[in-house]
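Please find the structures below.
One chain, chain A, appears in both complexes that follow, with chain B as partner in the first and chain C in the second.
== the complex of A and B ==
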């Protein structure tokens, strides 16, 4: 009687079939890998081209930077996530914000004696631009906000208080309680009238954030150097000069 | 050339003596600096307290703020403590503003005298401060009070002797 299927030959055949499948699997994977490698190579080249083509752009053009950041956000990439990341190394974006952060700290420290550690985003922007000189890269307020967020995350005592559509940048962790924050949001004008809001300005005086003015009409007023935009010295006008002639 | 006012000059509370001690310290330092630079710029050597109140230095008409007499006295006291001010009279109504020290003025005067080979000559005070020969010198136009203080400084160093003459005071250099 003949029995088919199981025999040395069948086993050998099976083994061969298995081997062939395995081989094909390997071959398939290899194929895919080769394909992917090729694609990655192309991708890498494209990326390098992109990087070199736009590196200048990214460093020079603040609007481009915003768009670039937004693009990164949609694909789940944070170019500022780590200083040594692929993106920050490729494009030098990390360096840019790191340097900007240092500049911001310098400006805030230099003015702290005058404004108690509170400065408008506008003034910070002006001074940062001034400090960078005529030929340096353009810096937008968006850039400043990002850099400050980075500083905040690193625990540098930085904070931002929304005021009238913009921000006040706080570089000293002073105890500004809720009341004052609310008042600052309400204060679109440069000085705060004591009679307008029920709050205690003594705290602001104590922190060196406000100065007392007793020569205004009516009640004493409190002025915050941080909100006072004419802080830079200027030449006196011809009118004023004529008043000064003895 | 226009005088460059510091930012505080346009800041209304700058003209109110600050209650907060730290802020007041900064305020007084800024006032001292302003007074000295303004006086240097305008070549002002003496100040009368009452008149000073109306000077643009302490009275900023444009922003309707002025430093009170009491505050001016406090600023003057600060300047005195720093060695930049000397009272001329006991009742403290008039003072010397020394944006340059008498010793420095003395040095400048002596240098001019020796450069021109005039050691041992006698000068009237007027000749020194208003003479044709000193027109190009920094001490030209120096007010008498200040000039005297400067010559006194030289006298202490035995480099000069102040003498009284018919028409007033004079000085001899050694």
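== the complex of A and C ==
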């Protein structure tokens, strides 16, 4: 505990400061910190009560998680900011999302050689579920989105591009400017890009996000592996992948 | 299960696929259906199920036949399920896998999970009822509401009561969440007031008090833009964490050429812990303290935005010189080749080559075949 100065001079100074603030009618910051510490204790008790009733529910019920997260966002707290936060320690929300973060990173890393670091939220969801195994808790796409938002703090280019009704998840720091995101959105509709669309495909080819098919009838066609729905049904080894790259 | 009809599984015009999920087994009421696990597909018009091994074994039921559905939580050794209650079968229904069933409901058992998302989408489709607006080209027989039988009416009352109970419980949960929020909200406001005072340097707030305040913010998950500018985001917790990281990462760093991407560190640390995991922000805040704590590690951000932890002893010049040696020896190298040579991740291999290029030792050949680096002879 901090000891305020005990000398006469310190006391006088303190009295002066107090008087000044009483004039303005404001409370001293030090007193507010003490007040906050008391409120914190009370809150901890409430949270413990809440946790004893709802901790299991939060892990099992994704709808409840959404409501909880929305409440936190409304009042301005981030329950996932730190593993040392009360939310994490008492409710266990932290571990749920941080572990999911690890699983997301691992899936993206494993598939990078194939899709260049771009994957649909659907495919990511399926693969994460598979990796978690039979006995783990189910996760929703909302859960994935929230976990990904947290991963952004680590600067590895995690981002989400809205496409159709869903998202593409980017896990490499490739620069995807506006044109490219429009391209990706178009590709979602057609799956194959026709060369009459005016854009520069070289960038996507270089980044490994697109493949060029020169053997197709008519115009050369561009494929975006991230959007292959047939391929997502089975796994390819890195060797197979390197054989496929043009 | 007698509501299902055989189907070729092809979508009709105006019918769109909404979601599909593998590893689903069907139940006729409480009994397992005489079918293996397969893929269940939800379209705007129907619920379709297909055997995974025998693609020709495919059945469907129109969404209009669904009265109500609910989730059944997983248990020990039991997968989570969605119970789907159905209208009676129409008399002129096409043939299906079951002629007759004593149950008026089926279950979808999610052996490979995915029930949360499936339930959500099914709810959406049953709310929107898109099949009513865009009838499929082949008329899918629609059960009309006029098919009221006495047995069904009794079943419905039970279902409605269940729904009501569920609604009440959900409301209670929501109100408890809100009450909790209320307490937190007061503290958020208080913390803002304190932060402002700190910013305007009113009063005599000691270093200790500031540290205490920051730890309160950390506990509550309140962002602290004001104190972050003047005092950084670190707290005692992050200091301890920084020291822990320094201990645990020395060996892995040395094995990986002195550098690891922050995401790699995140996975490594959290896998090792198993519980009480670190948040991404915890990791970043701890790494930012390496220098001030005189630990032998540094956090570094590359131009591309990639964040790495590197050994302080990491000698940049040596690294660039050896990169130049490697490239010269081989004539030229891509990031993938370089990565393989050194046993690094492709991401970090690329960063090294880019750095050597920045220093003028390498130059690039950027084509659609990839990015290749050559010694810079200019």
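In this text, the second predicted complex is superposed on the first by the 177 of 246 C-alpha atoms of A that agree within 3 Å, B and C clash if a C-alpha of one lies under 4 Å from a C-alpha of the other, contacts with A are read in each partner's own complex, and residues count from 1 in each chain.
The criterion applied here is as follows: contacts are C-beta pairs under 8 Å (C-beta built on N, C-alpha and C of every residue); 3 or more make two chains touch, one makes a residue touch a chain.
Given the structure is predicted, the values throughout are model-derived calculations rather than measurements.
Novice: Regarding the shared-chain residue A:106, is it in contact with chain B (first), chain C (second), both, or neither?
Specialist: A:106 sits against chain C, while chain B stays out of touch.
Novice: Contacts for A:95 in the overlay, against chain B (first) and chain C (second): which applies, first, second, both or neither?
Specialist: After superposing on A, A:95 lies in contact with chain C but is clear of chain B.
Novice: Who contacts more of chain A, chain B or chain C?
Specialist: Touching more residues of chain A than the other partner does is C.
Novice: Classify the contacts of A:153 with the two partner chains as first (chain B alone), second (chain C alone), both, or neither.
Specialist: So A:153 only meets chain C here.
Novice: Would you mind listing the overlap between the chain B footprint and the chain C footprint on chain A?
Specialist: On chain A, the residues that contact chain B in one structure and chain C in the other are 205-206, 212.
Novice: Provide the residue numbers of chain C that touch chain A in the complex, in ascending order.
Specialist: Within the complex, chain C touches chain A at residues 22, 73, 79-80, 110-117, 120, 173-174, 176-181, 183-188, 190-191, 193-194, 197-198, 202-206, 208-209, 212-213, 216, 218-223, 237, 261-263, 266-267, 270-271, 275-284, 301, 304-307, 346-347, 366-368, 370-371.
Novice: Give every residue of chain A touching chain C within the complex, in rising order.
Specialist: Residue list for chain A touching chain C: 2, 14, 17, 21, 26, 28-30, 32-33, 35-37, 39-40, 42-43, 46-47, 50, 53-54, 57, 60, 62, 64, 67-68, 71-72, 74-89, 94-95, 98-99, 101-102, 105-106, 112, 125-126, 129-130, 132, 134, 136, 138-141, 150-157, 172-173, 202, 205-206, 212.
Novice: Considering the complex alone, what residue numbers of chain B touch chain A?
Specialist: Residues 2-7, 10-16, 18-20, 22-23, 26-27, 56, 61-62, 64-66.
Novice: Write out the stretch or stretches of chain A touching chain B in their complex.
Specialist: So the residues of chain A touching chain B come out as 113-114, 191, 205-206, 208, 211-216, 221-223, 225, 228, 230-236, 240-241, 243-244.
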